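We just call them A, B, C, D, E and F in the order they show up, numbering each chain from 1.
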């Protein structure tokens, strides 16, 4: 199995609902350094997993939709705790949708799964990984 | 699959038995920077893998039992080489036992597996990962 | 010249005033991983720059006063942009005041300067460093 | 599952064929920081995954065959794009062959899989991982 | 003294002349992860050392002039060994010239010195730092 | 001012005397990841600060004298606390002596100062830096 990873970051404000969050129930914020890992069983005809330039561009676009925002005011996340784990899944879904839409090119259809990791500090991170069924069936 | 990771460290002395260890047969020591990764298929009702505060506390407790010690004198390790791999398994077992005992809370019962990584220098690390059957059956 | 460094982090929300900040004028947030470096010409009688346990405790206390907050609502920062550079200076001042108050112990009076670095992502950080005149005159 | 990892690096020149590579079609170069991860279900009699000294030596030997070279002039890679992904596979194959030849010792036959990661910058890396069938059948 | 740092990278091929370089006399290459640190005694009116967006842009532009090239064929470096140390100075000079030309804005004239660090692997880096006399006299 | 840095590590056991050390008074150990930084005003005739191969070799030799040992039993350190700060100075002195003895070559005589940093965990490190008078007077 081959994989490649590209990294970028975004910075947001948010607050959490629930006693389990303690002082993080107050409005605060985070820098998330994001790793987007893409995997496939065989390389494409150019000898790559995916065009790394396009992958970087898609990651920048997806993170740009979140960057420099207060997530408490984003209608897409209404009623949800925008935890690190939850945001990893949101970014996974948005990247997967762009792959399905062809934004990583035709050969990216060969990719079998993604992993999105959000580093929130030097001692904590969270991730979501899953298969790409839409792609797998193409 | 979701995952979160917390990091802490401990510092010990020890020596190894066996020619394969060369100069590491002498009494020496190590700093181990430890990553505890916890995975589950779905988030709990608060939108998290686990209460990160409790997870950090459990990791500190488990590492505190080893920290600032000479492992050659610990009865629990008598007759065993306390290699990095072996210590990763010890910490895995001790964290798993605390999860089974409910120290990470009720919702942590949804966790399916753990990975414990011990970084011993900038060029070497070891890990143990496995399923949490005790939890899975609850 | 000897130095030691301890690291901790804090997470805040804030916004900036001024066209130079572009989209960072919106309410957003950041994780700051903070390095506190302390320097002195000679070690104390125990062979250390400072009690690293006390230094860690002081850093945790100072960052705890900022952690999980919206800096736009802190009266101490009213009318100021809480940029990374500015916050480095704030933390420098607060740590220096605690050293002057004796919280790092008597031997810490031998310290000649501090450097506070705030890492805001994997590609950007800022710092403030300066002498400790209050200590130097003791 | 246990794993250990050793790290080393190599520095090469190369160029790529294909429009997808943009300016990387020009002769340029890279430092690759390489992680070699080895996994097995149970530790050997000494309590280790593998002799870390031998593993480091094998990694240095394999990378030494590539280091300080222009890969465009290596006959082994004629007609191929020596992408990061491709090089991860090359190193995987060469390490696997040395394991099969016994260079990591008899007990290394218990290893079930390898992962080779090549870090090409602070924001990008690629990897190849796979089972070790030759070993698995011994 | 305040400082800020921005990071980017570039990838080049080159070879060295001189027995001291051993196998690095052959055509090879490197990834250089570059830290550009800028210092000044007091913050400007916006509370910053410099517009980090402009600083990032200038660093990208300067590194873009070197990226994906064979430095042996660059007329600017004819007869010179493009060592890591030498390249750190080249980048220092080019950034300093752009600051003098006003590309970091008017308030950047308050900057007193720069440091350029080139990380060539996980175990080696080189840097050049110096004052900015052109700016200092403005 | 130019600088270059090389990195290596060593692993030791030791204990400390003095109440300030708390549980570190017990026999324990540490991995120290060591950065050796060398500075000079102008590059030598080859365009380098120093032969990086020789510098790496000297660092390996000096750390090899400490590696895999119990520092409590080293006569050189009798009656001293082998704190991180103290060990940074020991390594500084030993490297400086080897430079004075010519082990880094003739052109290394142009070096003006050294800095030795010992990383003891992901959250703490210590350093010693100073001028090289022996060299400066040659």
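Just so it is clear, a contact is a pair of C-beta atoms (placed from the backbone, for glycine too) under 8 Å apart; a residue touches a chain by one contact, two chains touch by 3 or more.
Keep in mind that what you see is a predicted model, and the values were worked out from it rather than measured.
Chemist: Could you tell me which chains make contact with chain C and chain D both?
Modeler: A, E
Chemist: More contacting C-beta pairs: E-F or B-F?
Modeler: More contacting C-beta pairs are found at B-F.
Chemist: Centroid of chain C to centroid of chain F, CA atoms only: how many Å?
Modeler: So the centroids are 27 Å from each other.
Chemist: When the centre of a chain is set as the mean of its C-alpha atoms, what distance in Å lies between chain D and chain F?
Modeler: That pair's centroid distance is 32 Å.
Chemist: Could you tell me which residues belong to chain E and also touch two or more other chains?
Modeler: 7, 122-123
Chemist: What residues on chain F touch chain E, complex-wise?
Modeler: My answer: residues 1-8, 43, 46-49, 51-53, 56.
Chemist: Help me check something: in the complex, which residues belonging to chain A touch chain B?
Modeler: 18, 20-22, 80-86, 88-89, 122-130
Chemist: Would you mind writing out the residues of chain E in touch with chain D in their complex?
Modeler: 7, 9, 11-14, 23-24, 26-33, 67-70, 119-123
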